[in-house]
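Read from first to last, the chains carry the letters A, B, C, D, E and F; within each, the first residue is number 1.
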Amino acid sequence: MDFDKCENIKVEKEDGITFLSINRPEKRNAMSPAVHQEMFDALAYLEADDETEVLVIAGVGESWSAGQDLREFFREYENRPPVDTKRYMETNEGWRQHRLSMYDKPTIAMVNGYCIGGAFTQLCSCDFAIASDDATFSLSEINWGILPGGVVTWTIANTLNPRDAMYYCCTGEAFDGKKAEAMGLINKSVPADQLKAEVVKLANEMRKKNPEVLRATKQAVRRVRGMDYFQALDYLAAKMSEIRMRDKEDSFHQGLTQFLDEKSYRPSFEPFKRPAAE
Amino acid sequence: MDFDKCENIKVEKEDGITFLSINRPEKRNAMSPAVHQEMFDALAYLEADDETEVLVIAGVGESWSAGQDLREFFREYENRPPVDTKRYMETNEGWRQHRLSMYDKPTIAMVNGYCIGGAFTQLCSCDFAIASDDATFSLSEINWGILPGGVVTWTIANTLNPRDAMYYCCTGEAFDGKKAEAMGLINKSVPADQLKAEVVKLANEMRKKNPEVLRATKQAVRRVRGMDYFQALDYLAAKMSEIRMRDKEDSFHQGLTQFLDEKSYRPSFEPFKRPAAE
Amino acid sequence: MDFDKCENIKVEKEDGITFLSINRPEKRNAMSPAVHQEMFDALAYLEADDETEVLVIAGVGESWSAGQDLREFFREYENRPPVDTKRYMETNEGWRQHRLSMYDKPTIAMVNGYCIGGAFTQLCSCDFAIASDDATFSLSEINWGILPGGVVTWTIANTLNPRDAMYYCCTGEAFDGKKAEAMGLINKSVPADQLKAEVVKLANEMRKKNPEVLRATKQAVRRVRGMDYFQALDYLAAKMSEIRMRDKEDSFHQGLTQFLDEKSYRPSFEPFKRPAAE
Amino acid sequence: MDFDKCENIKVEKEDGITFLSINRPEKRNAMSPAVHQEMFDALAYLEADDETEVLVIAGVGESWSAGQDLREFFREYENRPPVDTKRYMETNEGWRQHRLSMYDKPTIAMVNGYCIGGAFTQLCSCDFAIASDDATFSLSEINWGILPGGVVTWTIANTLNPRDAMYYCCTGEAFDGKKAEAMGLINKSVPADQLKAEVVKLANEMRKKNPEVLRATKQAVRRVRGMDYFQALDYLAAKMSEIRMRDKEDSFHQGLTQFLDEKSYRPSFEPFKRPAAE
Amino acid sequence: MDFDKCENIKVEKEDGITFLSINRPEKRNAMSPAVHQEMFDALAYLEADDETEVLVIAGVGESWSAGQDLREFFREYENRPPVDTKRYMETNEGWRQHRLSMYDKPTIAMVNGYCIGGAFTQLCSCDFAIASDDATFSLSEINWGILPGGVVTWTIANTLNPRDAMYYCCTGEAFDGKKAEAMGLINKSVPADQLKAEVVKLANEMRKKNPEVLRATKQAVRRVRGMDYFQALDYLAAKMSEIRMRDKEDSFHQGLTQFLDEKSYRPSFEPFKRPAAE
Amino acid sequence: MDFDKCENIKVEKEDGITFLSINRPEKRNAMSPAVHQEMFDALAYLEADDETEVLVIAGVGESWSAGQDLREFFREYENRPPVDTKRYMETNEGWRQHRLSMYDKPTIAMVNGYCIGGAFTQLCSCDFAIASDDATFSLSEINWGILPGGVVTWTIANTLNPRDAMYYCCTGEAFDGKKAEAMGLINKSVPADQLKAEVVKLANEMRKKNPEVLRATKQAVRRVRGMDYFQALDYLAAKMSEIRMRDKEDSFHQGLTQFLDEKSYRPSFEPFKRPAAE
């Protein structure tokens, strides 16, 4: 994929970390159909890209994303046949929900400036989210005549506690990074000038883990919710086997050997040393 | 409905906000069969009342509600046929769960003084809850020989985190407004002398929103919980249509026009101007 | 059961409170097959033991539990037939999930030192958990090559909010008692020298409650989660009857009489006086 | 309740069996608001009526029920405020779902002639259903412009297999009693002239059972669906206690004594003899 | 889309009915990556195609589909990076599950010859299925070393009763059309020479229905399963509004007028006359 | 385990098939505490026994099992402390639900004579069930004063359709093998003199399958029920890996090679040849 030809996204790589950004700063990175298509394709490409160990979803300029572009989606699609909306939804849900929430690699939302409405979908699909203290979050749908659509209401109801979910969906009230952290919407809020450093630090943490163990763990955390006890027991055992089938580094024995025999690390505080990293 | 004839509830209207209060201050607003019947009827009446844009559930005097009246329900009904209890439950669950949690208009619990046992049902059925710092919450059932019945245990388990739910159900320990806010049981706790002002402020916030958009949003926040992804996607799209079918103000186009063409408001910070409100 | 012959657990009784501890301090109380078997048996015995009113799960020495013993389980079982693992899992899930999470008596985890990996299962199965501020919690599985197995991932996903669950499962980052309290993983964190006193205080609180009311309440808090409204209504009503069928102290009438007639206690702040306790 | 004053329903009692019928034969027993109100009240009354041991839902004349009266509901309510529809739904769902599906006494649908659209709600809420071979069932909504509303689609999806549910909702195709029996929609289809006899036979079967055991059993069959294993185990044990708390006939000991000591009956083939029945 | 260039599928149109067939008769229509891609694209195209009112999924030649092409998928993908399998799954689940099971138009599986393994996914995603008596169904996965993957096991478990699901997944035993009909896997089995006529007859039945009413109905039948009562009530009401928002034919009033005023049709037996169809 | 010392069960082995029978013919194989303990132990032993490839649950003499022994359980335990009942339940649920429904080897219920009440638990836990035409099934609980307890009501509600579940739980009516087959309670009913032959035939079918593939398949069929689409997709993929991790016979490649290269078998009609079987 030739990212130089993309007009709506930007890709930057730094030491195993790939920053994938919406690139419409003049529109506060509102998402147009073209944004969705490029993001959809880029996610697939980067999932197979060896240089990408951790994926960061970012925004070019002063905003993370202002949500769906009202003009290009809501107004434009109103008089088109309903099937056009359906196709549009496939692409935009495709990258933000199907691909992103099941990504094989760890994903981090790096949120600066505006995170509005529809942007909450990709926010919650990322495994981790770190924002700058002065970020502005808002479920503004109520303020211009719709409810938080796509699956935003569902995403919010599954992430925030019932009181916060109701309050912010009904008031559309804006809140900052610190409040987002306090409510569990994101992992952490830091001053704007430390945002990238904090993201890189977490990304590097992730790079030290065995990628197959990490992939299975993050999938499991999402999937066990709603299972009953016996389903979870069986599912988690099967995921253990899946790790061992896919893992080229034989982490299981590496971890045991370094810990039990070599006594070279303590698992409660650090990962074993990956062969590739030596 | 002639509220002057009601002996157990009190209705006061102020600029679109209706305060519906249990009126048994000498019993700390414990709920008798008569309370339940009057509340059941009042909720239906006020849902169709044009003067009521926002409903506040309050209590006359020093308490919000001390829960079920032990003498009038538990003792009185013990030797009556079980079907009497069943009818009684229909009425009291009818207003506190069926009607209140699905109310077409926004509802706010304004909690002062005691909020005990059975009163948690209506507390959690209200869309919002604001309490005074010196309010006293207690799941006291454990202390006199029952578990939190009706559906109180279920309500608590769906609202608090597992540790808090277990702790307060098993200890019956009293806690104040600040603790209730910290646990996500209510939205906010304020000093007693600011309670009403805070409630009115939120109510007026709600009055600025289009009522059909607000109704659909608050229903959706409750209903999507427990749906799977595909159910939520379909349901939320259908609720969008429902808004447009019911909305006399054509909010959708109002919102887009004021924002995209007139550039007269910013959705992230305020609602569009409702025609009625101009 | 002759606890003196147990080599891996220790039982101490103090005024109705029984402290059941894993006793492998040199292994930081890592759980071996022998630990699991003795705990499995001890739980059954103590549930029928009149001297045990409240059960505290503790650890001998400097740790609560370092999780599964890696050498004795993961390495040892690797080359044995899969059915051996299955039997092993039955015992260790048997005491930590089946028996402990449905215990008829109140249970408290008293956590000092390390609480690692597999130990989260019994942590969350206890009705209450109190830790010392300097306790060290860690989901270290990611660091040595597996995911949080058994049902640990499921337990975590059902206890922590989605962001915290993902973060601690994927990073394996250690955290202390205060953080555990803030996340809702435990009820409370106190300085190490107050740990036992705090546990005893809560245990004595529990001893004042009628044991049948307490048993039904704690079961109900766990079981209603995931029920729909009508299931919860029916289930909770049936649990009310179950209390009255099993309760030898007739708490229901005791509570009502002491409150309504004798006016000798206030349920919002204290339990009625149990006959046995007079 | 003075049934002689009811203009839309008819009540007939025969030896412990009460036949409650919609009485608008000229409208094929289509349900008007007045029908719903009278049924709602009658169900409450009869649940407490000692002469009513078994309730049969029937229809006067040639039809069971043609569903909602299109003129009196769909056309009439179209231009009224939405809250009127909401109140209307409360009553009609109130008797057909809330009251009927949780009735304390056994209920039998005795279906002759038309059973159309909305009538499937009460059909499935009855514990048992017997139809005449020449009955005409149809989910005709598709044919006049709506989907099977209220909760009919949900009821059908929970009763029929997926293929039959889709087929009959989408085609509106009529089917007779034999087909209804084959699909599991009803218990049995018999020639028209044996319909009442078959209903009476089943009703008398029910009259021989202890009413509290029967009540708990039929509630349990409905409520356990969707519970997980541990919820079901706890719930069913609690229902056992509920039977013993409510049962004036001490069935449990009667049953054991007559079987184990007196050897006077065989439970696999007949109930023990109820004291009242001797 | 230029279907003449498709090498793996075939499209034929007859009076509003479009037959979309896998076209690898020499491979018994086993599904290769190319088949999946062409089906994925064709489904999107035909959903917006005015000439396609009903979609029939068929197979060229003697088979419906032999499932995944073992050589082109299982063997070929074994040594490629896991992300290739992931992409492959997106396409093949994309058309068979995401697109087909949520298709806006009615879909019918017309099954002749072999329907094996992975083909059960599209079989169950079609709204209707009609097979020839001599069709051969088999969940043959057990016979060559895997379980019914993708989501076939899930699809089967949601369609067949528990005994049949277990039996056919574990034995891999082949069964014919009549058996498939008896188990509820398909709607109907007919002699081979009547297969197309039977499909066309049902398709024409569907063409008489208003397409928006039909779309909402078939979606609702799938989506309500697993909802609780209150979710279903709210969802179905919203779908009613959605029909009216989307429906250009104003079916609701057409249906009422033709029935109540013109008395020109009987909804229990036929649809109202669509304006377009007059 | 020395089966000769067992007084309540009987074990017979024939060519890889083990018949495990309750052996209290004089009590129609009613289950006493001793029966439960021996079955609990035997199941564990046989799961690791190389001679046991398929397990058949049978009954010595004229009955399969008459359910719980009323005298030894219900009467005997009534006056013992409730914790005794709890322990008793652990054992009897332990073998009938936990062990049997998750057995690593295929299980067949071979039902002759009486199958009453509590025996439905093990009936439904077996992967397959074959009965003689003259078997007598009855949920007789209603007839002696309890509801179908343990988890029988839940088991029935998950197996039969809603109408049949309600009917047989409320009437206690006995039914024979043919009816059981028609309702999907069992796989097949055959004349008494063909019962064993039919069971052996199915058992030998199972012996031809690779045991790891079979184990994963039968677990998956049980566990996917109630999962959502994304859970099922992830779970089934993980189970695929689990098969390959555990399978000593490398079935996956054997199956592909024999089919694609050697063309020595057709998966739709027969399994590949297991190395061990050559």
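We take it that a contact is a pair of C-beta atoms (placed from the backbone, for glycine too) under 8 Å apart; a residue touches a chain by one contact, two chains touch by 3 or more.
The structure presented is a predicted model; accordingly, all values stated were derived computationally and were not measured.
Common partners of chain B and chain C, by the touch rule above, are A, D, E, F.
The pairing of chain A with chain F is characterised as same-residue: of all residue numbers used at this interface, over half are used by both copies. By residue number, over half of the contacts seen at B-C repeat in one listed pair from A-D, A-B or C-F, namely A-B. The greatest centre-to-centre distance from chain B, using averaged C-alpha positions, is reached by F. Relative orientation of chain A and chain B, expressed as the C-alpha superposition rotation angle, is 120° to the nearest 5. Averaging C-alpha coordinates per chain and comparing to chain A, the farthest chain turns out to be D.
Chain centres here are Cα averages; for chain B and chain E they lie 44 Å apart. Chain centres here are Cα averages; for chain E and chain F they lie 34 Å apart. Averaged Cα coordinates give chain B a centre that lies 50 Å from the centre of chain F. Per-chain CA centroids place chain B at a distance of 33 Å from chain D. Counting only residues that touch two or more partner chains, chain F has 158, 161, 227-230, 237, 239, 246. Taken as a contact graph, with one node per protein chain and an edge wherever two chains touch, the assembly is complete, since every chain touches every other chain. Here chain E touches chain C in the complex through residues 228-230, going by the rule given at the top.
Across the complex, chain F is touched by residues 66, 70-71, 74-75, 89, 93, 97, 114, 116, 136, 138, 140-154, 156-158, 161-167, 169-172, 174 of chain E. Listing the residues of chain B that touch chain E in their complex gives 102, 219, 223, 226-228, 230-231, 234-235, 237-239, 241-242, 244-246. Contacts from chain D toward chain B in the complex involve residues 44, 47-48, 81-84, 86-87, 90, 98, 104, 246. Interface residues of chain B facing chain A in the complex, by the touch rule stated above, are 106, 124, 127-129, 158-159, 161, 184-187, 202, 205-206, 209-210, 213-214, 216-218, 220-222, 224-225, 227, 229, 232-233, 236-237, 239-240, 243, 247, 251-256, 258-260, 265, 267-272.
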